[in-house]
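What follows is a group of structures, each given as structure tokens.
Next come two complexes, and both contain chain A; in the first it sits with chain B, in the second with chain C.
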Partner chain A sequence: MSRSAPASRRTAKTEYIETDTGNKISRRAHIEGKQNIMLGGKTVIMSGVHLRGDLCRKPEPAADGEKEKTSVTAISIGRSTIIATNSIIRPPNRLHKGQMTYIPMRIGDNVFIGPNCHISSASISNHVHVGANSVLSSLCIIKEGSKVLPGTVVPPNMTIPAGRRWWGG
Partner chain B sequence: MATKSKRRLSNTTTTAPNLSAPSANCKLHSTAIIADKAQLTGAHGIEIGEGTFVHPYARIDAEFGRVVIGRGCIVSEKAVVGSRVSRGVDGGEDEGVVVIGDGVGIEAGASVAAIRVGEHCMIEVNARVGAGAVLGRWCRVGACCVVAEGEVLEDFTVVFGDGRRRIDAVAKGREDVRDARAKAREMEIEVLRTLVADGSMRWRGG
Partner chain C sequence: MAIQYPFTSYACPCSDLTSPPPSTVNRRTSFHPSAIQLDEDQTFNPHSPRANHALYPLDHLLYCDECDALRCPRCWTEEVLYWYCPMCLFEVPSSAVKGDGNRCSRSCYTCPSCTSQLAVTQITGRKEDGDATADRDTYILQCPYCDWSSLEIDLQFDRPTKITEQISRLRKARTTAEQEKAAPDAKPLLHEDAFANLTTFYKEQLSDTTDPQNPYSNSPYSSPANLARIMSLYGGLPYNALKKSKEKPQPMREALQPSEGLRTYTDADSDANIIQQMQTLGWDRTTSAHQRNSAPTNDDARFTDQLWPAAAPLCTRRGKRCKACRQFLTRPEGKVGSMKYRIRLLAVNHIPRLSIRPFLPQQQTTGAPTTNPAFHLRAEELPTPELLQPYQTKQYILTVRNPLFESVHISLATPATTPGKVASRVTILCPTFTVGPAGELWDDALASTSNSSTTSGDGGRSAAMASLTGSMAESSMADRQPEAGKIWTKTRNSTSVVMEIVPGSVGVGTTRIVSGAEEHDDTGGAGEDEDVLEVPVYVRAEWEVEVKLGESTGKRKFDADPGAPLRKELGYWVVLSVGRIAS
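Up next, the complex of A and B:
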């Protein structure tokens, strides 16, 4: 955090930082591995949100003569998505070719993720609404336009079809 | 995708927790990894075993009693390990003590105040284990489930749904399944070690 002159901190700093494409990110969000996070534009990350970009797939060792890839995407979030306060976005892990790897997760456009959610899903399509206090366990897939009601626990590896309302747990 | 103007995130800030370090009776194994932003608090002392991994923003709270975490455990972000009540065996030395066995996974947002959590237990997202509870080996507390204060769970219990219990017969009957699960935990830690930097020096008094 850039600590500028303490006297003017209150007035000069707003809660949100706005990027060139219109993403708004709270200064109170806890973001790890920001080089591995892609935001689509006009996305809002509210305060207390944890984004675990550091949990990424390890780049494969570069073959001879090739330039080594420096960054991989761990979390990609589409346009106009809102991630409300205190949610945790954490890429899932699984065994892949005999190795434990973190799977990159995708969140689509116009998604709303309510406060205090835990998201470890493999992918969330466009226009999905996730209610408050929900837990989307590792590698679940939420298809387009579905609505997960507040307090739902979605078990690991589950797919929720498009356009459904889903609750329970 | 190519038409989308995606920008990599920059200029975001995170504040490191501003906490006083627990006193010198911390025993952290040299191969344990404690992320820079993890919080270790309390004067009663914290013991962390070999190869255990503590994620950023996890909290280990020894304010009311000693916290002992075994080998090869994972404590995720926003999880709280430590008892907020002085409740323990005989009201004596063990008050508020929390002992976590080997290979235990504590997922994000869970809070664990149990006297004893057996080896290879799994405490899932936002689960709560009340003070004074005792969990056997290979127990699994499902997401958002609650284990009451002072409750005793036998080995292989699974807590799921709205507080229902069952015995995990697969894990109980088959050693190969148990081995595979333990192996997966080990592999996860191995990967995490390469991804997250160790910040435990500040707790080791180094």
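Up next, the complex of A and C:
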């Protein structure tokens, strides 16, 4: 993730840092594992958001003292997506061959994730709206254009088909 | 979330509050000014108890371009285009739905306890079982949410695939074993078997009564009743034949035996027994109605240890048809997961849209925070709604936005005083005007981005647009006063006019309610939202369509010759909900 210097130094405008591709990231967002996060452009990360890019599949042990590959994508977020205040984006993990591995998370374009959500989905397609205070459990898949109403718990492994409204929990 | 004023809603013409439902024939040929006149004569009353059933936000409405009318959920029919499983996202052909029922026959199962998706989990044989079974893997269905697993009903699978087959085999084996255990006279019939027996029984009954093996099935004498009537006309029929023909319309009988599907009360699970079990197992292990309804296999389950995994119910994708002319109003693409539409006639794209906002001097609009609730993340951030003060004139900007590619002549009509208990005075300063044509999407985008740097907010943008078109200078906007007969602002495809509203007093109504509580009750709570200022506006839009030769002439019949522009006219009621009046 590349960050350019903030465009203006005016005090009222420094809540957000803007990148070359127009991503706006709040200074009060908690971002870990920057190198493992991809933002598509014009995406907004609001204050208090936790992006856990550090939770990624551990790269293969480097052979013969070579330099380790560090560019593993843990979270990729598309264009014009908004992640509202205090949401936690945490890549899902799964027991694979006796080892706990993290699975990269993909969030599409034009996605809105409301405030205070906990997101551990495997993938969220384009144009998805997630209401406030929702919990998207580990490895669930939200298909294109769906709407998760506020306060919904989506159970693990669940698939929400395209264009559906989902609520409850 | 609380309602945010002001907002607009649109009346569907199917309601008798607006006009008689449009019939296919006369709407298709031409417009009847008399019918529209009738609409204008009777004012739409938004406070009528039935008004809520006719009013919709514009986004919820469709538009039939064949009938040239708005369509609401009451005047379209839905049609299933295809079935699909929400878990594996496979399409299920309609023949399979008819044959196997509306549940997925792949390995898609939901938790009978909490309805979330079950996962096939591998378990290795227990160590204490000895070496013989230790290396044999078995599989179970497990709920990742509530930890229910098929082990609770002692269900294990040999293979991770073809779960449906394995479940039905195991269930059959188990139920037959149970039935053999039970006393032969009190043998409970399973739902599935009872249903199968019943269907075969009824099919036999139907074929017995409707198909009398008539060799003259195509003749007018095909029905036995007809035959009997004709025979009696000509007199003389052997007694036996007469008796037989009289017997024909005998009523269908019902199932009498378990083999025919009869299911009677059995003593197998005596009430005392069940109550005893409920006492020992407790509430948590008793099934809820929702759990019992999760699948046909769980209909009789009284305790959670009798619940079977429920096959995933299928979902449908539906198209919507106009009830009057049967054409598709929306028709999604026939592919699971695709959100594209082949046909989508949204009202938003076909009729001019009205919006209303309080009139504020220019300097206030630029700096004021947005009041659109869509831009607020949390409910508590919303500004508290401002109450309207009775008898204080307030000005509003009424904007008409045109989605059509032709410029439209608009006439707005509104009653001088609003209907309902609270009479407010309404004046639209400029009721007739034209709205320019809509352009391509990128036209709007270009227009808005090129000006957004100078001023923000909608008022600023329209002012900038106005300055671009040269109609007025931006500097003169600040101290402009609304004038009668003049439009306020104009952009390429929207025109704004000023509306003056003098809210009436709610006090008159409330004193009446207090003095005679019974009288208030008689009206069935009609006074509930009487303090909301709602302005019905009749919008009449007229425009001309260039009809190209050979295009749509087959679909439409009109009197004018094909080369001449076709004059179109559309009238509809819009209700502007302005706000609550302070009492």
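Rule of thumb we're sticking to: the second predicted complex is superposed on the first by the 150 of 169 C-alpha atoms of A that agree within 3 Å, B and C clash if a C-alpha of one lies under 4 Å from a C-alpha of the other, contacts with A are read in each partner's own complex, and residues count from 1 in each chain.
Definition applied: a contact is a pair of C-beta atoms (placed from the backbone, for glycine too) under 8 Å apart; a residue touches a chain by one contact, two chains touch by 3 or more.
No experiment lies behind these values; they were computed from the predicted model shown.
Undergrad: Between chain B and chain C, point out the one touching more chain A residues.
TA: It is B that touches the greater number of chain A residues.
Undergrad: Looking at A:I113 after the superposition, I want to know if it touches chain B, chain C, both of them or none. Which is it: first, second, both, neither?
TA: So A:I113 meets neither chain B nor chain C here.
Undergrad: For A:V148 in the superposed arrangement: first (chain B), second (chain C), both or neither?
TA: Neither partner.
Undergrad: Quick one: classify A:T19 as touching chain B (first), chain C (second), both or neither.
TA: first
Undergrad: So in the superposed three-chain picture, is A:M158 touching just chain B, just chain C, both, or none of them (first/second/both/neither)?
TA: In the superposed model, A:M158 contacts chain C only, not chain B.
Undergrad: Name the contact category of A:I37: first (chain B only), second (chain C only), both, or neither.
TA: first
Undergrad: Would you check which partner chain A:S137 touches, where first means chain B only, second means chain C only, and both and neither mean what they say?
TA: both
Undergrad: Return the residues of chain A at which the contacts from chain B and from chain C coincide.
TA: 137
Undergrad: Write out the stretch or stretches of chain A touching chain B in their complex.
TA: Against chain B, chain A makes touches at 1-2, 17, 19-21, 23, 25, 27-32, 34-35, 37-41, 50, 52-56, 58, 71, 76, 78-79, 88, 90, 93, 95, 99-102, 118, 133, 135, 137, 151, 153, 169.
Undergrad: Please give the residue numbers of chain C that touch chain A in the complex, ascending.
TA: 84, 86-87, 89, 114, 116-117, 119, 143-145, 315, 336-339, 377-378
Undergrad: Can you name the residues of chain A that touch chain C in the complex?
TA: That would be residues 84-85, 114-115, 127, 132, 137-138, 143-145, 155-164 of chain A.
Undergrad: For the complex, which residues does chain B have touching chain A?
TA: 4-15, 37, 56-57, 76-78, 108-109, 124-126, 142-144, 161, 184, 187-188, 190-192, 194-196
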